[in-house]
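One structure follows; several queries about it will come next.
We just call them A, B and C in the order they show up, numbering each chain from 1.
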C-alpha cells in the first residue's frame, strides 16, 4: 500500500468579487457575484512508504492547498486522496495519530511556556502513555540536542532552537508520514543546514515517509530523492532527483580565462559574456560537440583557468516554472 | 505675529480633524459603540421604569428626567471609553519615544487627537440618545437656548476631564508595568459616581466625598444640566467646577509628562 | 472502549487547563490585576443596586439579595465558560486567520480542542465573584452551594453554546464579528437584570436565541426554592443547546477554507 495516493485531486475556492465604485458595491451587497478559483486541478501521484519527496512550485501553485487536503484540513472539491489508506477528509482524527506536520511559521509550541509543557500537553492530545511519552521525549531530546532548551520559555529561544523543538514536537507520537510546509522559511543559512541534516536523518533512520513543500531548492537537493513539481494547480514534473538533474546534462556552462587577449569567437558558438582575456559560453550538447569546443579553447592561447559546469538545479526549476499554463497557446 | 500663532495652533486642529475623519471613514466602525450604548440605555430605561412603579419622585428626579439623565451621562464615557488602552500601549511599546522628539506639545497633541475621535463618537451617540429619549420619555426637558449651550459646554468639558485623566493614568506606564489596575479603579468609581445614577442618590457622606473628586465633572454635570435644569446660578457653579478640573487634570498631565520625559532623556528612551 | 475514550478526553482537558494556567501564571501581576479588576467591576454594580433598592424597596419583585444571586449565577457561569473554554469568543478570528489548521492536525475533536486551548484571565475573577457573593448572602449552606455549582455548570454550557454558535457564523458569512459581538452584548445585558422589568412580549427571546431565561431567571427560582428536581431539566436544556451548537459548528467546518484563500480580494 502506498503511503500517499492521490487521484485527480482538485480544489476550488469561491471568492466574492468586490467591484469598484460605490453604486456597484451597494448592488453587490444584495446580489453578490462570485468567482471560482481553481487552486488545484486534477493532481495525481503516489508516494511509497519511506520515500522522501519534494513538492515544489512557485507561489500560488497549489502546494499548500494540496498538503492541507492530505492532512484533512481542507476538503477536496473533486478527486480522491488516501493517506496510509485513510481518506483524510472523512477520518481526520484517526489519521492524525499517524501523521506529523510542521507548518512553516505556525507553531504548535506555547509561546510563553517552556517546550516541556507543550510536550506534556501534546502527550495528552495524542494519548501517549506517560511511560512511552517519557521514553520518546528523552530520545528526541538527545537526538535533537535540545536538552538545554526544554525548560526555557519558547519566546526566549532563538529561531533555530525553536524550529528544532518544533520538529521534535511533531515527532513525539512517532508518525509514519511527516508533512512539512516550508520548514526552513525565514531561517538563516546555518540553521537551514541544521534542519536539513535533521530531516535527512529522520528519513534515513526511522524510515518515515517525508513529504515536504519548499521554495528553497537547497532543502530539496539535500534531502529528497524525488521531486513533484506543481504549477497552475497541476503536476508538471514527477521524477527522481537524478532524472531532474539529467535535464541539465544537455546544457553546459563553460568559463575560460587566458593569460593574454585572444579571439574568443568560434563561428556558431559565441560567448554570452566576455572581456579581453575571459569569456563564458552556454553550450547545448545536442547541437555542438563539447569535445570539439574544448579542444578549440585550449588551442587558442595560454589558459589560466577553465571551468565546465552543469546548469544549477535552481535554474532548471525556474525554466519549468516559466513554462506557459497547460492548454494555453504558446 | 498672528501668523505664528495660527501656525502653532494649526497642527492641533489638523490632528483633531484627521482623527475625526479616520473615525468616520467607515460607518461600520460605530456599530459596536452604537449597539452597546443603545442596549445599555434601553435596559436601564426598563430598570428605572420598574423602580418608579407607583412613585413619582426619587431624590428629586422623575422617571422622564432620569431616563434623559442616563442617556446623557453615558455619552462621555462611551465616547472616550477606551482611550486609556491605546495610550497605555503607546507608552509601553516605546512609540512615545518617537513622539517626544516631534515639535509639538505632547499633551495637547494627544488631547487634540482624542477629542477628534470622540467628537465623531459623541455626535453619533448623542443623536441615538435623543432619538431613544424621544421614543421612551417624550420631549427632552430643554427649556432655553442657554440651557442647551450649557449642556454642550458641560459635555465638552466632561469629555476633556475623562480623556486627560485617562492620559495621566496611562503615563504611569513609565513607572508601573501593570498600570491597568489604576484604570479599573478609576473607571468603576466613575461608573458609580454620577454615571449609573445621579449623585443625589448617594448617601450624604458619599455625596460630600464625591464633590472632592473629579468624578462629578465626568458625567454628572452635563446630565444634570440637561435633565434637571436648576437655573443659571447652579449651571455656573457646575460648569466652574468642571473648568477647574479640566485645568487641574491638564496641569497634572503636563507635570507627569515632564517628569517622564526627563526620565526618558536620562535613560535614552 | 467508550470509557477509555472518555478518560483520554478528561486527561486531555486536564492537561490543557494545566498548561493554560501555567501560561497565565507566567505573568503573575497581570493575572491578579485582571482577576481583581473584574471583581471590582462587578462590585461597582452591586453598589448601584444596593443604593437603588435601598431607596425603592424592591424592583419588579426582586429584592437586593435576588439581584445579587442573579449576578452570582451569571458571573460564575460566564466565568466558568471562559475559564475552561477560553477561545469561545475567538472562534471567528481563529477561523479567519486560518489558525484552525493546527487543531485539524491533531487527533482530537476540533471544537473541543479549540475551545479548551485558552483560558481568559479576567474570567477567573468573574468565576470567583459569584462564590464571594454567595458567601456574603445570609442563609447559604452546603446544599445550596452544591445546587449553585450545578446550575452554574449548566449556565456555563449554555453561554458557551450560544457564543460558539454565534462565532460559527463566520464559516458562512466570513466576518461575522459584528453579529457575534451583538449577541454577546444582548445575552449579558439581559441576564443581569430582573426578568420582570422587560415586556412580556419580548420574554420569549430569553428562552430561545438569547437564553437569559435558562442562564439567569430559571436558575434563580430553582436556587431560591431549592427545587432539586428541576436540576436534571436544567442540565438537559444545557445539553440540548450544546448539541445544537456543536452541530452548527460541524456544519460550518465543512466550508472551512484554511488561510490564504479566505483573505483573497479581487
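Definition applied: contacts are C-beta pairs under 8 Å (C-beta built on N, C-alpha and C of every residue); 3 or more make two chains touch, one makes a residue touch a chain.
Everything numeric in this text was worked out from a predicted model, so none of it was measured.
Located most centrally within the structure is C, per distance between chain CA means and the overall CA mean.
The chain with its Cα centroid farthest from the Cα centroid of chain A is B. Chain C has its Cα centroid 31 Å from the Cα centroid of chain B.
Per-chain CA centroids place chain A at a distance of 44 Å from chain C. Centres computed as Cα averages put chain A at a distance of 56 Å from chain B. Contacts from chain B toward chain C in the complex involve residues 28, 31-32, 35-36, 39-40, 43, 46-47, 49-53, 55, 58-59, 177-178, 180-181, 184-185, 188-189, 191-192, 196-197, 201-203. Partner chain C is touched in their complex by these residues of chain A: 13, 15-18, 35, 37, 39, 64-65, 68, 71-75, 92-94, 96-97, 99, 101, 103, 106, 108, 110, 112-113, 117-118, 120-121, 123-127, 153. Within the complex, the chain C residues that touch chain A are 8, 11-12, 14-16, 18-19, 22-23, 26-27, 99-102, 104-109, 113, 174, 254, 256-258, 260-261, 264-266. The residues of chain C lying in touch with chain B in their complex are 29-30, 33-34, 36-37, 40-41, 43-45, 47-48, 51-52, 55-56, 59-60, 178, 181-182, 185-186, 189-190, 193-194, 196-198.
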